[in-house]
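Pasting the structures in now, so scroll down.
Each of the next two complexes has chain A plus one more chain, namely chain B in the first and chain C in the second.
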Partner chain A sequence: MASHLFCGRVNLNILREAARKDLREFLDKCSGSKAIVWDEYLTGPFGLIAQYSLLKEHEVEKMFTLKGGRIPSAAVKNIVFFVRPRLELMDIIAENVASEDKLKPREFHILFVPRRSLLCEQRLKEKGVLNSFTNIDEYILDLIPYDGDLLSMESESSFRVRQSLNECYLENDQTSLYHAAKGLMTLQALYGTIPQIFAFHVANMMLRMKREFAGSHTQILPVFDTLLLLDRNVDLLTPLATQLTYEGLIDEIYGITNGYVKLPPEKFAQKKQGEGGKDLPTEPKKLQLNSAEELYAEIRDKNFNAVGAALSKKAKIISAAFEERHNAKTVGEIKQFVSQLPHMQAARGSLANHTSIAELIKDITISEDFFDSLTVEQEFMTGVDTDKVSTYIEDCIAQKDPLIKILRLVCMQSVCNNGLKQKVLDYYKKEILQTYGYKHILTLKNLEKVGLLKPQSTMRNNYPTIRKTLKLWMEDANEQNPNDISYVYSGYAPLSVRLTQVLARPGWRSIEEVLKILPGPHFEERQQVPTGLHKKRQPGENRTTLVFFLGGVTYAEIAALRFLSHMEDSGTEYIIATTKLINGTSWIKSLMDNPEENLP
Partner chain B sequence: MAGILYLMAFVLQKESQKADEYLREIKEQSLLSEAVRQCVEAAGHEHEPETQKTLLRRHFTYRRNDNTHWFTPSLSQLLSLNFPPEQFVSMCRDLRVLNAVRDYTVGIPLTHTQFKQMTVQVLIDRLVYRKLYPLAIEVCRYLKTPEYQGVSRVLKHWACYKVQQKEESDEVIAKAVSVKLADAAGISYSEIATKAYESGRTELAIKLLEFEPRSGEQVPLLLKMKKSPLALSKAIESGDTDLVYTVVMYLKNELNRGDFFMMLRNQPVALSLYKQFCKHQEQDTLKDLFNQDDDHEELGNFYVKASYKDQRLEARVALLQSAVDEYYKAKNDFSAKTTEDEMRLLRFQRKLEEEKGEQLVGFSLHDTMTTLLSVGLHKHAEQLYKDFRVPDKRFWWLKLKALAEKEDWEELEKFGKTKKSPIGYLPFVEVCIKHHNKYEAKKYVSKVTPEQKVKAHLAVGDMEGAAEAAIERRNESEISTVLSRCSATTDHLLMERLNRAKATAVKK
Partner chain C sequence: MSRAKPEDDEYWNSSKFKAFTFDDDDDEFSRLKESKRAVNSILVDDDDDDEEEEEEEDGVERVSWSGEPVGSISWSVKETASSIRSGSEQSFPKIDTTPSLSKQGSGYSLSSLFKAKSKPFQSFSESFSDTAVRTYAPELRKPKSDGKDFVSDLSPEETVRRMQKGRAFSLEKFRSLQDKLLLLYEAVAVYDGNLITAVLIYLKKSLSKEILFRELMARDVALRHYVHYLKEMGEQKLLVELMKALGRTEDMALMQYKEHLNIKDEGQRRDFLKSCLGLPFSQDDATHVQDHYTLLERHIIIEASDKKADAEIFKKFPRKASILNMPIITTLYYSCFYHYGESEGTYSSPANIRKTFRISEKQYILTALGARAKLKSWFDVDSLFNTKNWLGYTKKRSPVGFHRVVDILQKNSAPVNVLQEYVNLIDNPELKLSVALKYKCHDIVINTYRDLKDRQELVVYREKLERDSPEYRKIQELLNNVQIRWKN
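== the complex of A and B ==
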């Protein structure tokens, strides 16, 4: 069921099992039949931990979505709320509890995810319902195993939470860093103390962690050698660029949420004979995407231009395998063939799915629009005309292309130019407000607050220095047989991953000039590992580094890190953790502020 | 049999040959291991250390005989024998502990069975209860009890006892505690501090809390002791947002508004969190906070947001005017000017709504102009274009699309002739084609710049024209584009021409 978690270097299933155990224990605390009332946001992340079958085994008979009014009737002994600690949700719960049938009372319980909150309990008390709860508990779900080498906190717009705090205290962010630190503690309890820590821009969290870890040494042989904490602020550019790996493009175009993607159904219609083509499915096709699927694991991180060839190669192998049946003569051979049949059929199904997805994506990537905007992105990244108003962006606004596309491009230009000239910036802003509406003024302000948009200060543009020193632009990126991480953006090597790569070899000392330019100080810390637990590495054995992206990571960055792991003589394997999986669109969206939305 | 073994051991001690006979007897019954086990167990029930030793020694005797070696076995030899030594080792340990507590100075005459039933934990508790801290720690260390349940726990109890010693000064106690507990893992100083506070020693409690590494743990006690400013800074230090909120809400109820705001002012992190809270829960307080800080920029944003919550136009405009004032105070001219523009636009929209009955209020400038054009109010659209200084290019795109959408081809043609198009004529071609009007599209092909000719011809499906243009320009990539669009069956001749031209273009 969770086979995708075993395949990596570190067995992340331990983490999942620990999470499942906690869940079972809580469910058993509320003895008897029960109904779960879900905070809708949580169903996705929980899906990565446990399926309905597990809940059913523990007498969960009904599930409802949390909403005002009365909870639908269900003949169960317990009502269990699974909620995030948010005040507005407490109000709904209070309403639910208050309108409960007094004649047939049921027992109430709350499970806070990921942490219990005094503030919320206070609210329940004010509403006079706190005593109605038999159990109030917390379910610490910080880092959720997402794939064999990937952990995500799946937190909502963690980047935004960071920024909406007073901007002077950006680095003093509380909630998301706190949860990240807690998540790392859980991780170290299961996988041993991480001896070496590198961090960028997250000084406070480092210090806090060090304090909290003191005295909680685990007697486990450390699995990770190094932890690298990367703050998204260090690399604002990468998420803005259009990802060009297969998985990255699926995410850019259709959006992957909690490991699932919803696709337009037309291409997936079952072509069964006799039924005709009349009932085309109208429900979007939902597919789970992870490394448990052999073919997907093979192609997800390829540049999209190399996917076609990989698919056709796979098609040949599969049809050759099916042809084998003609060669099967003896009973033994036939038996052997039949035994492989289910595997082969699964492979064929998976091939059909990915061929359809690839076709859907290709329709978009060959369009002129896609090409034009990619060209402009690449011009910005190589430093062409970043100081002037771009006619392409102007035209896109004039044609009222989607606002997010515009914002992504303008922000990218600003980042690649270390800020825009005041005149240029004001021009863009005015164009955007006149075309898309004045209400976006707050969104623009948010983008300025986080530094994605900014007026050029007297400081000179230092982006070219960073680009050249870190070799962020590779002219001859090989998409088919890559030899450098830049293949994931067809030329642009993601800054975050380049930093990771340099850290492993030859070390950050070689790029001190650039480190000075990048925002925020960088740190190195060592944690005491109990004696006797020092890892003795076999000659030739790789180091394992955990790279933690605070503020989100893109699929293309993950692909680049996987590429580094698999590179011959790289010497390091990477496990990735993040607050959230993002792409430029979801990222910008999380920073948007629409005053019309919260109208009563 | 154990009896026989015991007897044998006794004899053996006197180096008698008879031992061998006894041994053989047991061996014949193949019950040797059982006998050994019983010996070890029997030792456990013995209170006299000398007898314990004899019984335990049997263990070794047997082994030596079995190996027919007569020397003292080393530990490694013991382990290499197939009789598992664990039972023996743990019995030795238990006995040592029991002997220690049975000593007359301690006076806990426990039997081994009692000890096993009540567990080590309880034994340590009893020692702690009798304030025999050093012995309790010895026992923990000797039995290798995990530090958290063992040594640390005992030390915590010791400290809790220590803080109640009235005769010693705060400084002395705090120092003693910190020195003793320095190396112990997982000590909860807040528990010790609570004890101190309960015995009426607030100052000592605060001193002790300083040692608590987890800031979060300090907060509840600090609040209880009414040390709220300290509680707030500790909560902030912990990084736990929820804890900060808890303290902030506590303070909000405790202090008068002015003091509360003052306190927040000195704690920017708490202040920004409280603002977050107010954003969702108490809009008016938010405004007061911004006012207190003279944060005009945020006040402006606040009024902008508020303006969207009001349905009445006058109220909206008034709120926007407040925003404008704030933005000017914040020296944010851009925001002020665009907000003024928005007010102007709203008034214009309202006026036109009343006059023409078109719904416009709340639309963006772009959408307003589009709507006006689509209902034929060209003059009004032009007026906006001029009043708001919309760039020509954008207005041309907008009008082009609006007219095509309306399929007002006549008006579009007129518009195209008003002056030279700032966006060129290729968009005219493409927009017409998008609305499936090839006839109209063709009208603009001739006006397109030479660079875009090929594209324009291709857009209207005129292969000949496209080929002509490409060949004329001797542009290889354009020729190739046209070629790729030719069909081998119908455009045979054209392809030949193109290929020839391509050859010369390449040569060039």
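== the complex of A and C ==
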């Protein structure tokens, strides 16, 4: 089940196992048969940790979704609520508890994920139900293993909270950062103290907490050599660009949540004989995406333009394998062929799925819209006409294209120009407010506060300097056989990953001028590792670096880091951790006021 | 769709399954990995191992149509819930399937957290159960306390530590301002937002607003938690006061303005926006908010009269939705659709809206064009672009490229002659040709090739046309014309 967690250099299954152990312990605390009432948001993340069978072993007999009214009847001794610490959920729980059958009382328990909250308990107390609970506990689910080299906290609106740390903004409770810090401590407890820490633009709290990192003296041989903490503020540009890897495009177009994607069902309808295609499914097709699927692991990080060739190559291999049956003459040979059949059929199913997905994506990538918008993005990233009103953006507004698309482009232009000329900014703002409604004053203000949208100050535009020094634009990016990370955006090398690459070799000292231009301070810190736990590296053995993106990371950035890990003589392998997996759309959405209501 | 029983998938957690020992056994692991790499080079297990186990290791996983692996949590929530439903349908009352996840919380005031309950909406049974619970367990924290009752003698530091561990604590004994601030200091020092908020709630309850605000101003972290908390609790008024005290007048103004989103009734919303006009917005925002107010005011007037309007246009094209709360450009479109030609004096006329909201010529032309083309009023479309020069000749001019005009006309299925006229107005000859090709404006395509003396392209184009159509014959004539000196 969790085989995809083994394939990386670091066995992330240890983390998963630790989480499972905690879960078992809590379930056993509520002895006897039980039903779990789920905050629906949590089923996704929990699915990455455990399956129903684990719960069943611990006497979980029924599971329900949290909703108002009475909990469905079930002959169990305990009712356990698995919830996020949110006030509106407390109100629902209170309603559930209050409408419980008095004649057949059941025991109630709450498990707060990821932290218990006094505010919520206060609310339950106010509602008069706090005493109904036998156990109130917390389940610390900070970093969830997503794949063999990927951990995410999947915290809601993590960037918004991160952003609010800017001195000018007063709207956060730093919870997300606190959890990130705690998550890092958990990691060090399991994988040993990380000897070397680099950080860029990390909020004061993280800096101050570093002492606490050192606090945990574990007797474990350090698995990670280096920790790099990267704050999204260092690189606001990358998430705005359209990702061009296979996985990145799936996320851009359909959105990946908790490792699953929902796709339009038409292309997946199985044509079985006799059915005649009368019952086309209307429910979206849901697919799990991770490296446990061999084919997916192979193509996820490729530039989309190289996916077609990979799929057809695969198709040839599979059909050749099926052809083998004609060569099987002896009973032994036939037996061998049959034993391979399940695997071959799985491979064929996987191929069929990804061919369908690739077709769906291609319909979009070959559209004029997609091409035009990509062209404008690339012009901005190479510094073309970033200082005037873009007629393309103007046309998009006139056509009432989705507001998020507009905001993404305008923000990108602003970031690539180190702020927009006041006249240009005012013009965009006026057009946006007139076309999409005045209430978006609030959204525009949010974007300004986080620095995605700003008027040009007297300072000169230093983006070109950054671009040239860090080689952020590569003219002849090779999409088929990449030799540089820039392939993930067909030319643009993500700033965050370039910084990571330079850090490994030749070191940040070589780019000091640029580091001065980039926002926020950077620092290096060494942690004492108990003697005897110093790692003796074999000659040729790679270093392992944990890159922690505070404020979110995109799939294309992950692909770029994987590319670096696999590069010949790169010398470093990367494990990626983040507060949230994001793309430009979800990112901008998290910064909007009432996004649901605002979407056209 | 056949679903396997959840039990079938228990193998991955069974003790037999050795998945978690892979890295102790490197060889086994790498062999397995290898086997995953190539479809047709699978290791064959000779001793007939547990079928399920092998299947799992091959990555052949059973999934339901909706994609969740059978046995996963989200799948099982649906499964176990639905199995009861079908099993004992009448045994429990129908559950409201719409969870009330909306921001209900913001409806309560903070004080209700601490005061005795006085909620009018409480049902009888609910209040009954409350009292029942209270009689049985009057002491709130009793089950959690570990028997010590010296919790009231603890230092701020020890109290915070107890809070961190989820043990019983009491804040009430911290009475002096100094003690309270010390408590806050300790909570901030452990970075735990949960604790900081808890302490802040106590301070809020026990300190005067002025003193609390003053102390928070010097404590950045605590201040942020406090602001977040007030937002969470929907304590708008207090938040605005705090902003004011902090001198963040612009934030305060925006925060107040944001409130309008929660007002459903348009009259009240309008009045609320009016009350926002004097707030200390930045200059730009002040203009935008003023426009927002003016627009809504106008919406209300237009809506009232159009709701009962019986003009021909409303009968022919009944309104699909009310105009209330629509953006200004949508309003302009509406006005160009239903109120075109009204004099500038009326609130609903396009001219008046254009002037009042300072709509750019470009936006105006595009919007009016869209509306009039939708109605197929080609005459109106023409007059949008007609300008007279000083000699009295009319000429067509446009602030947007004519290719954009053609796009919009085409989307509204303009007839070929109208389309051709505008394609001809495109300046750039290459663009003109490509637009003409895209929208099949044969005459223009043919004339362009003729002017380019491009015989070959004409021959190619002829093949795309219906034999003996007028266009076909036109090309035929051109090709037979010996006067033309073709370049190829």
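Basically, the second predicted complex is superposed on the first by the 576 of 600 C-alpha atoms of A that agree within 3 Å, B and C clash if a C-alpha of one lies under 4 Å from a C-alpha of the other, contacts with A are read in each partner's own complex, and residues count from 1 in each chain.
Just so we're on the same page, a contact is a pair of C-beta atoms (placed from the backbone, for glycine too) under 8 Å apart; a residue touches a chain by one contact, two chains touch by 3 or more.
Keep in mind the model is a prediction, meaning the values are calculated, not measured.
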{"item": "A:Leu54 touches, of chain B and chain C: first, second, both or neither?", "value": "second"}
{"item": "Residue contacts with chain A in the superposition, chain B compared against chain C", "value": "C"}
{"item": "Partner chain(s) touched by A:Gly44 [first = chain B, second = chain C, both, neither]", "value": "second"}
{"item": "Which superposed partner A:Glu431 touches (first chain B, second chain C, both, neither)", "value": "both"}
{"item": "Touched partner set for A:Thr134, first chain B, second chain C, both or neither", "value": "second"}
{"item": "First (chain B), second (chain C), both or neither touched by A:Gly332", "value": "neither"}
{"item": "Partner chain in contact with A:Met63 - chain B first, chain C second, else both or neither", "value": "second"}
{"item": "Touched partner set for A:Lys286, first chain B, second chain C, both or neither", "value": "second"}
{"item": "Touched partner set for A:Asp91, first chain B, second chain C, both or neither", "value": "second"}
{"item": "Overlap of chain C and chain B interfaces on chain A (superposed complexes)", "value": "85, 87-88, 115-119, 122, 164, 172, 174-175, 178, 181, 205, 208, 394-395, 398, 400, 426, 429, 431, 433-439, 441-442, 445"}
{"item": "Interfacial residue positions of chain A with respect to chain C in the complex", "value": "1-3, 6-7, 11, 13, 17, 38, 40, 43-44, 46-47, 50-57, 61-70, 72-74, 85, 87-89, 91-92, 97-100, 102, 115-119, 122-123, 125-126, 128-132, 134, 136, 138, 164, 170-175, 178, 181, 205, 208-209, 260, 262, 281, 283-288, 292-294, 317-318, 320-321, 324, 336, 339-340, 342-347, 394-395, 398, 400, 426, 429, 431, 433-439, 441-442, 445, 593-594, 597"}
{"item": "Contact set on chain B toward chain A in their complex", "value": "185-187, 213-214, 237-246, 249, 268-269, 271-273, 275-276, 280-281, 301, 304-305, 307-309, 334-335, 338-339, 341-342, 345, 363-367, 388, 390-391, 393-394, 396-398, 401, 423"}
{"item": "Sites on chain C touched by chain A in the complex", "value": "6-7, 9-10, 12-13, 19-20, 22-23, 29, 33, 36-40, 42, 44-45, 55-61, 63, 65-69, 71-77, 80-81, 84-85, 88, 91-93, 95-105, 112-114, 117, 125-126, 129-130, 132-134, 136-137, 140, 143-144, 163, 166, 191-198, 201, 221, 223-225, 227-229, 231-233, 246, 248, 251, 254, 257-258, 260-261, 284-285, 288-289, 291-292, 295, 325-329, 357, 359, 362-363, 366, 404"}
{"item": "Residues of chain A defined as touching chain B within the complex", "value": "85, 87-88, 115-119, 122, 164-166, 168-169, 172, 174-175, 177-178, 181, 204-205, 208, 211-212, 214-217, 394-395, 397-400, 426, 429-431, 433-439, 441-442, 445, 595-596, 599-600"}
